[in-house]
Every structure is written in structure tokens, then in C-alpha cells.
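Structures incoming, each one as C-alpha cells.
One chain, chain A, appears in both complexes that follow, with chain B as partner in the first and chain C in the second.
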Partner chain A sequence: MSQVISLADIRRLAADFAQSGIVAAPLPTDSGKVFYQKVAAEEVQNIVLDGSLKCVNSIKEFLFPRHEVLYTFLRKGNDVELTDAPVFDTPQLILGCRPCESASLPILDPVFAWDFNDRFFQSRRAMTTVVSIACQKADSDCFCTDVGGSPENTSGADAILYPLDGDRFEVRLLTEKGKVLFAGKTTESSDVGHACEGPKATLDTAKITRWLNSHFNDPLWSELAHQCVGCGACTSVCPTCHCFDIVDEGSYQKGRRVKNWDYCQSALFTLHASGHNPRPDQGARQRQRITHKFAIYPEKFGAILCTGCGNCSRLCSAALGIKPALEKISSEAAEDLMPVPPLWVRNTQDK
Partner chain B sequence: MQAQENIYQPSRMTVESVVQQTKDVKSVKIAFIDPEEQKKYKSAFRVGQFGLYSVFGVGESVFNICCSTSSDVVEFCFRRTGRVTDALWRVEPGDVIGFRGPYGNSYPMEKWEGKNLIFVGGGIAMPPIRCAILEALEHREKYGKITVVYGAKSVGELVFRDELDQWAQYPNVEVVKTVDPGGETPDWNGRVGFVPTVLGEAGISGANAVALVVGPPIMIKFSLPVLQKLGIPDEAIYTSLENRMKCGLGKCGRCNCGHIYVCKEGPVFTQAQIARMPEDF
Partner chain C sequence: MQNQLQDLARRLLAEKKVDVVIGYGLSGNGRVGAFFATDEGQCDKLVWNEHCTQNLVVYLTRPEVKKLGRAAIVVKGCDARALVVLANEGQLQREEVIAIGMVCAGVVDEGGQRCAKCEICTSRAPANVDEVIGDPASVPAGPASAEERFAGGKYVKLEKLRAMPRAERFAWWKKELSRCVRCSACRQVCPLCYCKVCVADKNRPVRIETSATPSANFAWNILRAFHLAGRCVGCGACTAACPAGIDLDLLNLTLAQTAETEFGAVSGTVPGALPLIGSFSQEDKEDFIQ
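Right, the complex of A and B next:
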């Protein structure tokens, strides 16, 4: 037997949740584009629950906001009073995201926890319930199956919806949080939902990682650089990009320290005060982005820092993004007859 | 278990003293206001580590902690270059600034015991060497001969130049100070020449030695062959890397050289380790 809920009941559930918590779900803007946005109780009618939908942005901004206050300060004579930012404690529901969005969350967990716990990400993560929707249609930018995902990947989700006919959904409850959310809201049924087949996997990520580890200096990077305008749009819609800047706002007397999204495609990202820049050109910055996702992060944290969502390619004004880059690397790697041993050996202090 | 601690919030520190070292370099001593935080710092700090220093309302920058582990205060040194250092330039004793740290790895001082130590530095790179020199001098009996080769463009640009002569007073310590040709003054009593050249002419023995080389890339590049010629293996040549950092905690994603996060796995590396790293610094 399956558990089924109607669209109207999901809207009611969202409206109830929004009374005392935050609901984030796909909402259309005036331009017709759909973004994951905060939804007020009276807006739940506008939520788009569509398994074929590809929102422009990512759900990451509800766990890792583009702008977040770390603490405030107030000068009192010579002294300075510091006030910690409040710990995030509002229940939050992310409703109707793609499985490739929810899958980013467990991938991001370790970087915010190695040695130092980033309370800002972790408290939001703990307070958030994620309900994804099984993918009904992959487009030409999708490649979840290449990076270990699938149209019904449940990783990071607390429940997953499968569209049925007649504005109904099958709900599969995955965690305790999911069970609590839907408790008493579903009815039993014999209807079972399905996901689409998903994009056909064509890439060998292990081979790509090996290639990256041995091609730090490769003409491909300048080839990509000539195409890339360095706008960083790809990083802002990427569910796994998590680099940030720390800056002060306010005056000398009174203000706050904030964490803002930053992006590796900017020359300023690594520019030293001396004027020296370790990544002086766009090729070096493209290399950093791809290598971080497919070689550095897997080695450090055991997961590819990419869910194959394709958000980057859909938004890129230069027809780049991760998938086209991986395809280029794959064809280069195919020509490498001899496997090259990795140049980068993980740093260990000499014992 | 969920963390409540805010890893981005600095400790409040009172500025104890400020010394102008050169026309654009100052060293500052800062003391913890909270004794608990000081205790935590003192039990954690090892020479070679770095901290993040805040002027509230302006921002935060990374510098080495240039004092030894016996120091109750935190000492750092900076060159006036950008927004934050411009604000730090104006701090006076009694002001309150922020400090986070100590972060990163450290010089393996225990491993260096019984060895001859060679310190090679240029210009503003004295602070990350000074902490190791002070540490070694405070435990003088544990180390063999100590040689310091330090140079700057001109006499006025030598950082901690008063201390150079004091260090030379210790037994079995040789301090070779030099300035680039044209940088000398009439009363200059040191050498004239570039650091790698002076290093080669200093008659240093490479036997049973470890070297710490910090300075501009060009100085490091030409000093390495000199040290290698002395017979010092790459595993015994250390340096301290600097890369732009924001968090110091392995999160913000910019200081990495390939797989290596300089803020967590560095800043101290041996030449052998650096040779295996991609040129991302």
C-alpha cells in the first residue's frame, strides 16, 4: 500500500507550516521564471509542484544564505561590545525541490563540520525538513546519473513526492522528520508513482578525477577560459558551491560582521594584498572550480561536489557549465592511453 | 549534537603596545580581556601558527603570530597595504581589536631538537621566522648552532632590526644581516648583497641542519639551490605559505593549493611537500 495526499492538502499543510515556520517552495515570478522562494501562508496557491520543473536557483540559500550576520558590534569608548547572532531555531520546510537539490545537503555537511562546526549551516540544517519531488522529465542539461544520482534520489530528503493523476501525489516517507510532517495527512492507496528514466549516463567520473589530478597545466583550461566571462552565475545557482567571504558592514561605531556568498570565478577571490594572484587568469579559476568538485572534494570528503542538476549550464551565457566541461575532459581523457599517477599527493606532515 | 559556539566570533583584545618597525610595518602586542580565552589560547598555541585580526567595522586579516609560546600576549606584525591594515595602522594602546586563533599547523620544534637551525628571511617575512627564533633561544640548550640570515631592500626596511643584535649575543648564534646593494647607510655594519648570495657566502654547514626559509618568492627560489648545495634535504627545508584566507577554518574555500587547504594543513610545509603540490600559490 502507498500513502497518497492531494495537492490541496499539501497546500493546506504548507499554509499551516507557514504560520509558525518558514516554507520555501517553487514560486513563479512576474517574468514567468520559477524560483525557490519563501512562501507566505496566503501564497500557497501559487506553489508549483511539478516534477518537470527546473527552478532557476538552488535551495542552498535556505541553508547557506547569500548574506548572513555572524555577530554585531557596538563601540563603547575604547571598548567594543560583541553580540552573537541568534541561533537559527525556526522550523523550515523546503517543499517540492528536485532530488538533485536535496542531494546536495549531505554532500555539504562534512565541509561545515571538519574540526570546526559551522553553527550557521548546521542549525539551519537541523531545523529543516526537505520534501522533494521525483523527477518526471530530464532536460539536455541534466546529468544526475553521471554523478551517482537519479531522478528519484532520496539523499537529503525527508520525504519524496511522486505525482499521480488527478492532482494527487504518492508520498514516500524517508525519515522521522518526514513522518512527523505528514502524520495523519495521507490516505492509503494502491496507486504508485514513478520517476522518469533520467538522463543517460555517459561520463566516467573516476577517469575524469584521474585526468584532473594529472593535468594541472593543460591547454583545455585556457580553451575554457576564452569562453568564460567570469560572471559567477554558475556558482550562485549551484546547490553545492559554498565559498564565502567575511566582511564588515556599518560604521566604525556600530555594525556587524557578515558572511556573503563569494565565487571562485572572480579575480578578487584569491588576490593577495601584494598584488600577487595565485589564480591570475580565468583558466586557473575554471580549473579550480572543476577540480574542486571532481578531485579535491571527493578526496577530502568522499563525495563529488556536484549533483548533476545542470543549473549552471541553464544559466550560463557562454554555453559553459559543468557538464560541457566534463564532456571536454572526457574526450581528452579518452586519448590518454597511459594512466598517469596523480601528481597531487595528499599533504601529510612528515612523520 | 549541535554546535552552539560561533567559530567566526573573535576574542576581544586590548592593544598593549605598538612599535613602528619600518616606514610601513608595525608590530602590535595584544592581550586577552577574557582570562578563560587566554588560557585556551596559551594551551593551544605553537609557533608557526597564524591568527585573524579584526578592526571592528573595517574587517579581518590574517597574520602570523610572531611571538613565542611563553608570551602571555599575542604579537603580530603587518605591512600597511589595504583597508584592514590601514585601520590597524591607526590603533593605539588601550584600543580593543579582535583576534581569532591560533589556527593552522606549526613548526615541528620538537623534531628540530638537537639540530643546527638555519633561518633565512627577507623583508616582511621576519615575523613568521622570529617566533621560531625566539622559541629556540628560550630553549637554547635543545638546539645546535643557530644561524639567522636576514635581509631587506634597505636598512630602514629591516623588521625587528634591534633584536637582530640581541639574538647574536646568545651562545653559538650567528646573525648575518644584509641589505640589497644601494640600501646601505654610512653606519651600516652588516653585509651588502642579496639574501641567496649572502647565504651562500656565510660559511654555513649543512650537516645535521634544518632550514626555515620565508620571504618573497624570488628570494625563496634562489635560496633553495644554495641550501640544497649545503646538503640539506628537501624534507628538512621548511617554509610558511601565505594565501588569501577569510575564515581560517577550512570552509570559505580560497586558500587551497590543489588538495591542500593552507589554513588547515599549512601554513608550514617542507620543500618536499611543496614540490608535490600544484603551483596554485
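Right, the complex of A and C next:
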């Protein structure tokens, strides 16, 4: 027996949720591109629940906002009064995201709970229910199956929708949060939904990791350096990119400390106050993004920092993004089976 | 045309006229983007089709690319105009670059839709280039007047926006710009945003906050539009790159339209022209300048 819900009922559920919480779902902009956006109760009709849709942005914005106030400060004579930003405590529903979006959340959890418990991320995570939709069509930028995902990957989701005919969805409830959300809203049925066949896996990520660990200096990096213009668009739509910058804003008397997205593809990212930049060119920046995702993060947190969503490649004006770069590495790695030196050796080489 | 382009590229590299041909190539995922041919053997990878949307002129001022040496660059008519602006503004020695102009029937965006800029294009047969590939007579000249271009039902989005009452237009921009994530992709892909240190990156003191708040987003986007007033060639690179899906072309084209209708200035069409914003004329109608 499966649980089934109609599109109209999902919209109703979203409208109800939006009364006292935040609903984030695919919504078209005026130019027709679809983005995960905050949806007001009266806008639920416009939510696009489509298993073939690829939103331009990622859901990370709702757990790791592009701009967030950490605390405010106020100078009073010789004293400074600090006020913490309130803890996020609004129920939040992410509705209709792709499985490669929800899968980013468990990957991100450890980095926000490692040497420091980031209450900003963690509180949002705790307050959020994620309902994904099983993919009905992969495109040429998708490669979830290369990095352990699939068109019906349930990782990070509390419930997953499978489109059925007649504007109905099969709902598979995955967690307590998912069960609470849909309690009393579904009907029993014998209809079962399906996901599409995933993109054909072609990359050997273990080989890529080995290659990255032994090719800090390689002509490939300068090849990528020419093509990439350092726009950072790839990092902003990436569900797993999570770098931020902390800056103070306001005046000497009164202001706030804020956390803003930062982009490793920008020259400013590592620029020192002295003027020295340890990542002096775009090649070093590309190497950083790819190595972070396929070597450093797996070594430190046990997961590849990429869900194969393809957002970066879909947007990149230079037809780059991560997949074409991985393919190049892959073809080089095929001929190159150098053993990986231990970490302490790697830390001292290439100096 | 693709074969002709490849032949020309081979010849330029073989005769050592250039060290690199900056053109378009096919990426692993089937998309078309910049390709750098540095020897003859790579020239068969150069492609030309309606997916050659990227404006490659941006690469001419990238330090990583400059290191490759003397360049030939594949340009469409609209891109070639950016080349003229760069030369006019002293950013490159025009004679040091070989511009290969492609006669262009229009390009499509990421979603396969024909780009709006191509509807109002008057530079399908590229001007001010060193080599022309394709038959200039094979493409229409495009709308003859500014009137026809900007108000002839061709750039629908722009016309719709300009027809809005002021307050409504302001509200529309507020909504659109609220999505900006302050990544600066628009700046990075723009061939005319070449400043070594952008005013938006200055932090001693901060001129524009890096926070993606409504006020800072407004400040950033309006500032960039002002810096491009009378300069933007309408290539659409910023709109294509924007991860927030903001129609930045509408902002820049509004100013381009004003530049054309008020001052008769069409950016990148006159080699040697003084920049509109950086020059004045006795005929200017404002008295304060006289």
C-alpha cells in the first residue's frame, strides 16, 4: 500500500504551513527562470512541483543564508553592549527540491558541528522539514550517480514525492518530521511512483581523489585557469559550497557583525592584508574548489562535498563548472596511478 | 564557417602571427564555452554554432590569459563592439589583437531560447574586426533606428519595463534586486568591468557593504549600471551569468537607450570615440557644463 496526495492538497498544505512558518519551493521569477524561493500563502498556486525541473539556485540559502547577522554591538561610554542575534525558531518547509539538493544537508552537517557548533546552521536545520521530489528526467549536467546519489536518493529528506498521473503524488514518509507533516493528509492507494533512470555513472571518484592528492602542480590547473573567469556563480548555486566571510558593518558606535557568503573563485577570497595572495591565479582557485570537494572534505569528514546536481555547470558561462573539470581529471588519472603519499608528506611537498 | 574558422586559426598559429586563438569549444557536458587553441593540432576543436553565446573579449584582460602571449580572438558583432570600447579606453593595443569576426545569425541562451539582444541587433555583420568569416550579405542589417530597436516590439521585456509607472518600476527592481547574492559574477564576466580593484571590493573604508541586503544590493547594482552607462554594448554576459536570474540587461540597456536617443552614442561602434560619460561637447544641452 502506498500513500497518495493530490497536488491541490499539497498546495493547501503549503498554504497552511506558510501561515505560521516559512515555505521554500520552486517558484518562477518574472523572466521565467525557476528558483527555490520563499512562498507566501497566496502564492502556493505558482509552486512548480515537477520532477524534471532544475532550479537555478540551491536550497542551501534556507539553511545557510547568504547574509546573516551574528550579533549587534552598541558602544556606551567605555563599554560595549553586545546582543546576540535571535535563535532561528520558525518552522520551515522546503518543498519539492531535487534529491541531490536534500542530499547536501547531511554532507554539510559535520562541517557546522566540528570544532564549533554553528547554532545558526543547526537551528535552521532542526526547524526545517525537507520534502524532495523523485527525479523524472536527468540532463547532461547531472551526475548524482557518480558521487553515490540517485534520482530517488532519500538522504536528507523527511519525505519524498513521486509524481503519479492526474496531478497526484505518492508520498514516502522517511522520518518523524515527514510523518507529522503529512499526518492525515494522504490516502491509501495501490499506485506506486517511479524515478527516472539515473545518469550513467562514468567517473571513478576514488581515482580522482588519488590524482588530486598527487597533482598539486599540474598543467591541468593552468588549462582551467584560462577558461574560468572567476565569477563564483558556481559556488553560489552549489548546495554544498559553504564558505563565508565575517565582517563588521555600521559605525564605530553602533553596528553588527555579519556572516556573508564568500566565493573561493574570487581573487579576494584569500588575499592577505599584506597584498600577498597564496592563491595567486585562477588555476589555484579551481584547484582549491575541486580538491576541497573531492580530497580534503572526504578525508576530513568522510563524504564527497558534491552531490552531482550539476547546478554549477548549468550556469557557468564558460561551459565549465565541476563536471567537465572532473572528466578531464578522470582521463588523466586513467594513465596515472601514482600511490598517494601520506598526509604529512603532502603537507611538506610543493613548497 | 566552422571549417573556415579552423583553417584561419591553423594558419595564424602556423605563421606564428599569434600564440593563442581564443575561440569556442565543446565542453564535456555538451555545452559550448571558451577554448584556447595554442597549437595547430587543437584547431579542429574550435566550434561555431548558435550556442557560442559567451562574450570571449573578457579573456583579453585576464592576467592568466595575457600570459599566453599574442592572441587572436573569435568575436560576434556584439562582442567586437566591446573590443572597440576596450581599445578606446586604453585597455589594449588594438593592433596587438587579431579579431576574427563571425557573421552571426543570432545565438541562444542556456535554456535554448533565442537571446533577446539578437532581436535588436545591428551588428550581425561584425565591424572593426581584422578577419570576417561568413557572408555579411547573408544576414539582415537589423532595425534601422533607435526607435525601432527599443520601441518596435522587439525587446519586449525592456519595453514592458519602460512603460511601467515610476513607482511600479521601482517596486519591480526592488523585488528583482532582492535576489542578488553579491557574488560579482556580473562584473567578472563583463568585458568592460576591467578595474584591478573594483570600488565594491574596497574595504578601507567600505564603499558598498558586501552583505546581500536590499540597500547594499541596490547600491551595488545601480553603481555597476552607472559605471557602464554609455559603455555597455549589450552583449548579455552579465544576465547569463547571474545566479540570481536578474535581468541585468534591462538595467544597462535602459542607459544605453538613453545614450543613443539623447546623445546619438552607440557604444563600441566608433573606434577612437571619447567615452560618453568622460567627455563633453559645446552642444550639450545642460548649461552647467558650459
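In this text, the second predicted complex is superposed on the first by the 336 of 351 C-alpha atoms of A that agree within 3 Å, B and C clash if a C-alpha of one lies under 4 Å from a C-alpha of the other, contacts with A are read in each partner's own complex, and residues count from 1 in each chain.
Note that contacts are C-beta pairs under 8 Å (C-beta built on N, C-alpha and C of every residue); 3 or more make two chains touch, one makes a residue touch a chain.
As the structure is a prediction and not an experimental result, all values here were calculated from the model.
K.L.:
Consider chain A as the common anchor and indicate whether chain B and chain C clash or fit when overlaid.
P.N.:
Once both complexes are aligned on chain A, chain B and chain C fit side by side.
K.L.:
Just chain B (first), just chain C (second), both, or neither: which does A:Asp245 touch?
P.N.:
Both partners, chain B and chain C.
K.L.:
Of the partners chain B and chain C, which touch A:Arg257 in the superposed model: first, second, both, neither?
P.N.:
The first partner, chain B, only.
K.L.:
Looking at A:Leu7, would you say it contacts chain B, chain C, both, or neither? Reply first, second, both or neither.
P.N.:
The answer is neither, since A:Leu7 touches no partner chain.
K.L.:
Between chain B and chain C, which makes contact with more of the residues in chain A?
P.N.:
It is B that touches the greater number of chain A residues.
K.L.:
Report for A:Val56: first if it touches chain B alone, second if chain C alone, otherwise both or neither.
P.N.:
Second partner only.
K.L.:
Considering only the touch criterion stated at the top, classify A:Gln122 as touching first (chain B), second (chain C), both, or neither.
P.N.:
first
K.L.:
Which partner does A:Ser266 reach: the first (chain B), the second (chain C), both, or neither?
P.N.:
second
K.L.:
Touch check for A:Trp114: first (chain B), second (chain C), both, or neither?
P.N.:
first
K.L.:
Using the superposed model, give me the angle at chain A's CA centre between the CA centres of chain B and chain C, as a multiple of 10 °.
P.N.:
It is 90 degrees after superposition, to the nearest 10.
K.L.:
Is A:Asp141 in contact with chain B, with chain C, with both, or with neither (first, second, both, neither)?
P.N.:
In the superposed model, A:Asp141 contacts chain C only, not chain B.
K.L.:
Can you report the least C-alpha distance between chain B and chain C in the superposed arrangement, rounded to whole Å?
P.N.:
Checking C-alpha atoms only, chain B sits 5 Å from chain C at its nearest point.
K.L.:
Which parts of chain A are in contact with chain B and also with chain C?
P.N.:
245, 247
K.L.:
List the residues on chain B that touch chain A in their complex, please.
P.N.:
Those residues of chain B that touch chain A are 2-10, 12, 54, 56-60, 79, 81-82, 85, 94-96, 98, 105, 108, 217, 235, 242-244, 246-247, 249-254, 256-260, 264-266, 269-270, 272-273, 276-281.
K.L.:
Quick one: which bits of chain A touch chain C in the complex? Just the residue numbers, please.
P.N.:
Answer in residue numbers: 29-31, 33, 35, 37, 56-57, 66-67, 140-141, 222-223, 225-227, 229-233, 235-237, 245, 247, 249, 258, 260-261, 263, 266, 268, 281-283, 310, 313-321, 323-324, 327-328.
K.L.:
So in the complex, the part of chain A that touches chain B is made up of which residues?
P.N.:
On the chain A side, the touching residues are 70-71, 73, 75, 78-80, 82, 84-85, 87, 111-112, 114-119, 122-123, 126, 216, 242-248, 250-255, 257, 259, 262, 264, 269-274, 276, 278-279, 284, 288, 291-292, 295-296, 299-300, 343-347, 349-350.
K.L.:
Which part of chain C faces chain A closely enough to touch in the complex?
P.N.:
Touching chain A from chain C are residues 25-36, 53-54, 58-59, 62-65, 68, 110-111, 157, 172, 176, 179, 181-185, 188-189, 201, 203, 206, 209-213, 237, 240-245, 247.
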